[in-house]
Amino acid sequence: MNWLKPSWQAVLAILLCLIAFALGAMTKPEAAALAEPAATLAYPYMGAKGLIIGLLLIAALVSTLRLTPVVEAIVLFVGAHAAAWLLVKGIAGFEGTALAPYFLLLAAAWLLAWHCVALLSSLRPSGSVARNALRLIIPAIFGTWILIIWEAVTRGAGIPFILLPPPSAIGARIANSLPILGSDVRQTIFKAVLIGYVVGNLAGFTVAILADRVPFLRRGLLPIGNMVSALPIIGVAPIMVMWFGFDWPSKAAVVIIMTFFPMLVNTVAGLAASGHMERDLMRTYASGYWPTLLKLRLPAAMPFIFNALKINSTLALIGAIVAEFFGTPVVGMGFRISTEVGRMNIDMVWAEIAVAALAGSVFYGVVALVERAVTFWHPSVRGG
Amino acid sequence: MDSFRSKIVPVTTILAGVVVLWYVFAVILNAPFQRDLDGRANETPGAVEFIGKTLSQPKPTLPAPHQVAVNFFQNTFLRSVTSNRSLVYNAWVTLSSTLLGFAFGTALGIVIAVGIVHVATLDRSLMPWIIASQTIPILAVAPMIIVVLAAIGITGLIPKALISTYLSFFPVAVGMVKGLRSPELMHLDLMHTYNASASQTFWKLRVPASVPFLFTSMKVAVAASLVGAIVGELPTGAVAGIGAKLLAGAYYSQTIDIWSALVAGSVVAALLVMVVGIAGRLVDRAMGGRPA
Amino acid sequence: ADKVTLQLKWVTQAQFAGYYVAKAKGFYDAEGLDVDIKPGGPDIAPEQVIAGGGADVIVDWMGGALAARDKGVMLVNIAQPFKKAGMELVCPKNGPIKTEADFKGHTLGVWFFGNEYPFYAWMNKIGLKTDGGPDGVTVLKQSFDVQPLIQKQADCISVMTYNEYGQVLDAGYKPEDLVVFNYSAMGNDLLEDGLYTLEDKLKDPAFEDKMVRFVRASMKGWKYATENTDEAAEIVVDAGGQDENHQKFMMKEVAKLVDNADGKLIPAAYERTAKALLDQKIISKEASGAYTTAITDKAIK
Amino acid sequence: MTEKPPAVVSASKLDLTFQTNDGPVQALSNVDLTIGKGEFVSFIGPSGCGKTTLLRVIADLEKATAGTISVNGMTPEQAREKRAYGYVFQAAALFPWRTIERNVALPLEVMGLSQAEQAERIKRTMELVNLSGFEKKYPWQLSGGMQQRASIARALAFDADLLLMDEPFGALDEIVRDHLNEQLLDLWARTNKTICFVTHSIPEAVYLSTRIVVMSPRPGRVTDIIESTLPRERPLDIRETPEFLAIAARVRDGLRAGHSYDD
Amino acid sequence: MTEKPPAVVSASKLDLTFQTNDGPVQALSNVDLTIGKGEFVSFIGPSGCGKTTLLRVIADLEKATAGTISVNGMTPEQAREKRAYGYVFQAAALFPWRTIERNVALPLEVMGLSQAEQAERIKRTMELVNLSGFEKKYPWQLSGGMQQRASIARALAFDADLLLMDEPFGALDEIVRDHLNEQLLDLWARTNKTICFVTHSIPEAVYLSTRIVVMSPRPGRVTDIIESTLPRERPLDIRETPEFLAIAARVRDGLRAGHSYDD
């Protein structure tokens, strides 16, 4: 049997398909139609049901053959996504009527996609184009499935729109509201977040260096720096609005406070990270505090500092958005989120969240790229 | 503790500096309103009296340190600790969900980091989405989380703790991914020559090597977790906790209450961070850490 | 006893005294109800709570309820304890604004989260743009305090008669120092605190009966509260409300809005609310069936 | 020459090129080598000629870019998974958070030996490298030579049939070195292990080995393989015999030939 | 014996005890030592006897717990601040984020030399240790011996009057070692530097030094100081002269006497 190579995902998927088939009706209308065979009721998946199960079974079965990973991944990719597409498309107009087989088939498709991702991430292509493509494709499939499951579940189970809208509605809202989203991004990200991030990180860094340089300050500043760590946004944001007005400066101030502490803590830890022999070496050069800092301790601290920069890249965004809940001009991502919740435009709320997530990921990605370039020497980058 | 004594003088000196600055700002920030007030009452007080007045407004823009101190003292020591106006009680409410959330968050962060370091699929696919998840403004989703959890019958401590978890797992995950990948290549090679299993390499090499990153991340995480607990108190009806005090204070413009709640939050934070720091130092010592 | 979960729109305070009084005084018990009152908070949307199954009845403003109805959460008003609106715009007299005509070019503080509809309806009516241009007004999203006025960040701010107005007074303003634009007085008011439940559930006679009893007991609570304001305020403080003096002030002001405590909805106010929302495109189609008088008719004879 | 025992390591036409930021570096070029069971093979050659790289290829820590290699008849990877060899790195590579004793115990823990067995092996190897009394110290509390000895103890405790040792005695004084040389020969004779040994000391190489592989740099090639005609029994004073000196001279010549400067 | 030049290092009754988790370790005990200007002093002794510790005390990296020491007539701290010495550590201690070239440039940057001067010194010392062509590589891309040579280049580039070298040639093969020995002697003769040199190789110590300090362990004591009667001019083949062998034998005896095992 060495031409067979079943994965547990495929086996489980086949099992789910069979159970789904055995259970029969996919939706309530279908169940109703089956109960009354005389009446000609329209119900979803009249023709597609067999197709979906068939697609999944074929993909799963083919994948158990000993194929090259690429072929296997392609088969799984096509099978899983086609089935998912049919599932989601079929429920249109019959939201909230799905029965167990619907969810079982969804789970089966998801398992196949999972196996597909597992296969893809085990590939080690030699070409750099292929490598980069893979680096994009894998998280993309993963993300697509978050969206597919979200869409299928919200629609299948009929979750109220104002609790959680399906991604398709959010997508449509994003497409229709680009100007508003654009101006919100400008207000929140390009003003509050960026400025706050830069100043906050610099402040945390500077205080860490000060504390390191002056032992007196080290003992005095660090405990007080710790206190800043938990100044909760909700407490601070109104105060900042009081002090800096309701426009973006107060939001930037909140971001500064939020990003300060992670940078402080990480820089302090990083400055302690250089090796003893290296420090002794600098001592033998009678190197002063600053040259040692610049040439030895800061480079050695970089992995820690980038840690803080990464954590802060997302914290800054949260900080700015939440700070806008407290008194703002009528623009900004946080303003929009809080008012649209009130208007029950939850799709707009999620549109803003999606934009925030995108911006945050890009932000983080840039920091991570710079990190790779700066700490190329660290074992975690060289491959460990 | 000797190191503790050596800290007292610097900390008090710097605190004193902060307090002085605080007074100065209190006068500056409260002055316009006081002038307004005097203007409407047609009074023209002398400078000293004016300053005295700016420092004793009932709802000042920036309360003076002594006002906060008095309020803090009253609400901490003069009320029975079970009263819901006692800061001790409220701090305890917040602290309990902070600790629970921190425990969850640290565990989750470590699990995610372990997954990312060991499973190529997760490394490639999960990280971008974890990052995306962190950019979702918590205050926007917190109510939804709490509504959904309430709908399935989970109320009380857990929903608040989950919000702490959400905020605190990320620093731990990011730090631990770095930390778990920080062992020297030669040490990894060594384990390789023993054909050590992934879990052996993990426990004997990766974990010890990641300790500095772990404790640094945990300091950030415990602070984030406190913020999460406070945020979580708002949509749960804000009945008790530091967040509830903040909100009530903000709602009725009781700035002195806000500030004393803030001070309480900060004290709790500083204590938590200190505890993590001490734990870190103890672990370092147990691992034969070389004195700097 | 039958369990009823009530989700408030905001934190525990005298604004909701009727329910707390009904509970404390045993009016609910007398109707065979076991009522669980859940306080709200900023950014807690009662509409979401009820849609998620976390409550049977909610206290909401008509604007929010209609918006939710427009999105498929079929909320129905079953009683309207607040006859008048408590919202108003106040400006210091020594400021630039004395009348509606002075608004142009100035900054006004407004609450959002559903509370902005009356303001926009009003501005619409007097023909002012709200985009911050020179011939319109600049809108500032106000947080839940009166700082923008004290800080002079806004020329006028929104207040509730029973709440922030008191804070303005506390801050040292006297009533004669202030110019007040009251929405009810101007005839621009939209319906505020009402009781809403889901249309589907109401079709169940047992549930309807429960609601009848609930409304009856609640209005009894309101009646008691308006007649014994200090005692009601104390009940609220016992239930977790902050600042006793402030609650007493609030209770007195709220009593004025509740009027005769029959909980009956005034159709004209409903029409006005619905029209304002449609004008502002908050709802996409004309509202219909968003209230029923059946409950109050049965409850209050 | 006696009959060839079965090959423990057999490499043919090995090539290894590192890709670096400023171009490829060829570390091994066309290396052919067979090491039989029970042999003691020394590698000698100028600094940077690829000795460490060759050992790492045998140990499956580096993959050859061309050529074939087998260890115990398997791929190096399979051999590694069978724990076929112990490796002494050029640097001590001790874990700073473990005491010396726990460092030596590391491979034993990985193998899952019982506590008693661990204790016994630790004690034995610590005595062998003369570190008794330092069990509870941390690596940074030891001198350079002591660290190196600890790492040797660690590899010996592992007790594999093939020992790969990369300049194990580099940081030790002559007396300790002689002592350890004797101990190693003794161990080898007693257990019939196969040993690959990198050294810079010609006398050491000659004294210990059955075969000496001379390498030359850039790219690393095997330039000479010298079979030792010395008996297996080797007292320390064999180093003064003419036979010994003859072999040493031959190694020195091979070494000098491969060297890049000729002053 | 010629007239004593002024003392560069002068230590008397030095004691150094480390406090460790399981009790104190006495690393130096009652060390008396005077090193004159222009001397070349080798330290030899069993692993762990305190050679590195003694060098570290001279370099002000460790404080003696008792006794006095002066460097150039100052305290070691003042001397260090005057950049009186260059130090080659037992391990290479290269910074992984710098190329080899930038590593060698490190002390020059700290001293604030001009770019041109830096480039010139880097080039010269890189050639001296035979690393030309590897300027742009990172430390992990070099072999162990090459890293050691880079660290020697770094110390030489610093160009201080006192050189403290801790087993600098430990990881090098004989040919390179001979070459570097010659270079070092040449440098010493030309510049009249004072050199303190730790080694495990008796021939190397005898070949290079004007004085050989033999130490014995636990606690580290100076057991013998041997003045070399060799001329300052030393061709490589001086190592076969009877005079040379006599000194070497004396060193070996001293070393053996201090050793702990007597098998």
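Note that the chains are named A, B, C, D and E in the order they appear, and that numbering of residues resets to 1 at the start of each chain.
FYI, a contact is a pair of C-beta atoms (placed from the backbone, for glycine too) under 8 Å apart; a residue touches a chain by one contact, two chains touch by 3 or more.
Just so it is clear, the model here is predicted, and its values are computed rather than measured.
Asks: Need the most distant chain from subunit A, centre defined as the mean of C-alpha atoms.
Replies: With centres defined by C-alpha atoms, farthest from subunit A sits E.
Asks: Can you pull out the chain pair that has more C-beta pairs in contact than any other?
Replies: Result: the chain pair A-B has the most contacts.
Asks: At what distance in angstrom does the C-alpha mean of subunit E lie from that of subunit C?
Replies: Distance between chain centres: 85 Å.
Asks: Between subunit A and subunit C, what distance separates the C-alpha centroids? Give it in angstrom.
Replies: For subunit A versus subunit C, the centre distance works out to 38 Å.
Asks: Taking each chain's centre as the mean of its CA atoms, how far is subunit D from subunit E in angstrom?
Replies: 27
Asks: Determine the centre-to-centre distance between subunit A and subunit B, using the mean Cα coordinates as centres, and give it in whole Å.
Replies: Distance between chain centres, rounded to whole Å: 23 Å.
Asks: What are the residues of subunit D that contact at least two other chains?
Replies: 91, 138, 140
Asks: Counting only residues that touch at least 2 other chains, which ones in subunit B make the list?
Replies: 61, 139-140, 143-144, 147-148, 184-185, 234, 247, 250, 288, 290
Asks: Out of subunit C, which residues touch more than one other chain, so two or more?
Replies: In subunit C, residues 42-43, 45, 48, 52, 143, 145, 147, 151 touch at least two other chains, as defined above.
Asks: With chains as vertices joined when they touch, what's the shape: line, ring, star, complete or other?
Replies: other
Asks: Chain pairs in touch?
Replies: So the chains that touch one another pair up as A-B, A-C, A-E, B-C, B-D, D-E.
Asks: Give the list of subunit C residues in touch with subunit B in this complex.
Replies: Result: residues 11-12, 38-45, 48-49, 52-54, 94, 143-147, 150-152, 167, 170-174, 177, 240, 242-243, 246 of subunit C touch subunit B.
Asks: For subunit A, which residues count as touching subunit B in their complex?
Replies: So the residues of subunit A touching subunit B come out as 117-118, 120-122, 134-135, 138-139, 141-143, 146, 163-164, 216-221, 223-224, 226-236, 238-239, 242-243, 261-262, 265-266, 269, 272-273, 276, 303-304, 307-308, 310-311, 314-315, 317-318, 321-322, 325, 333-334, 337-338, 341, 349, 353, 356-361, 364-365, 378-380, 382-384.
Asks: Please give the residue numbers of subunit A that touch subunit C in the complex, ascending.
Replies: 160-163, 238, 241-242, 245-246, 325-330, 335, 338-339, 341-346
Asks: Could you list, by residue number, the parts of subunit B that touch subunit A in their complex?
Replies: 6-7, 9-11, 13-15, 18, 29, 61-62, 120-121, 123-129, 131-141, 143-144, 147-148, 170-171, 174-175, 177-178, 181-185, 188, 212-213, 215-217, 219-220, 223-224, 226-227, 230-231, 234, 242-243, 246-247, 250, 258, 261-262, 265-270, 272-274, 290, 292
Asks: Using the touch rule from the top, collect the residues of subunit E that touch subunit D in their complex.
Replies: Spelled out, the residues of subunit E in touch with subunit D are 18, 20-22, 25, 44-49, 51-53, 90-91, 130, 136-138, 141-146, 148-149, 166-167, 170-177, 179, 200-202, 252, 255-256, 259-261, 263.
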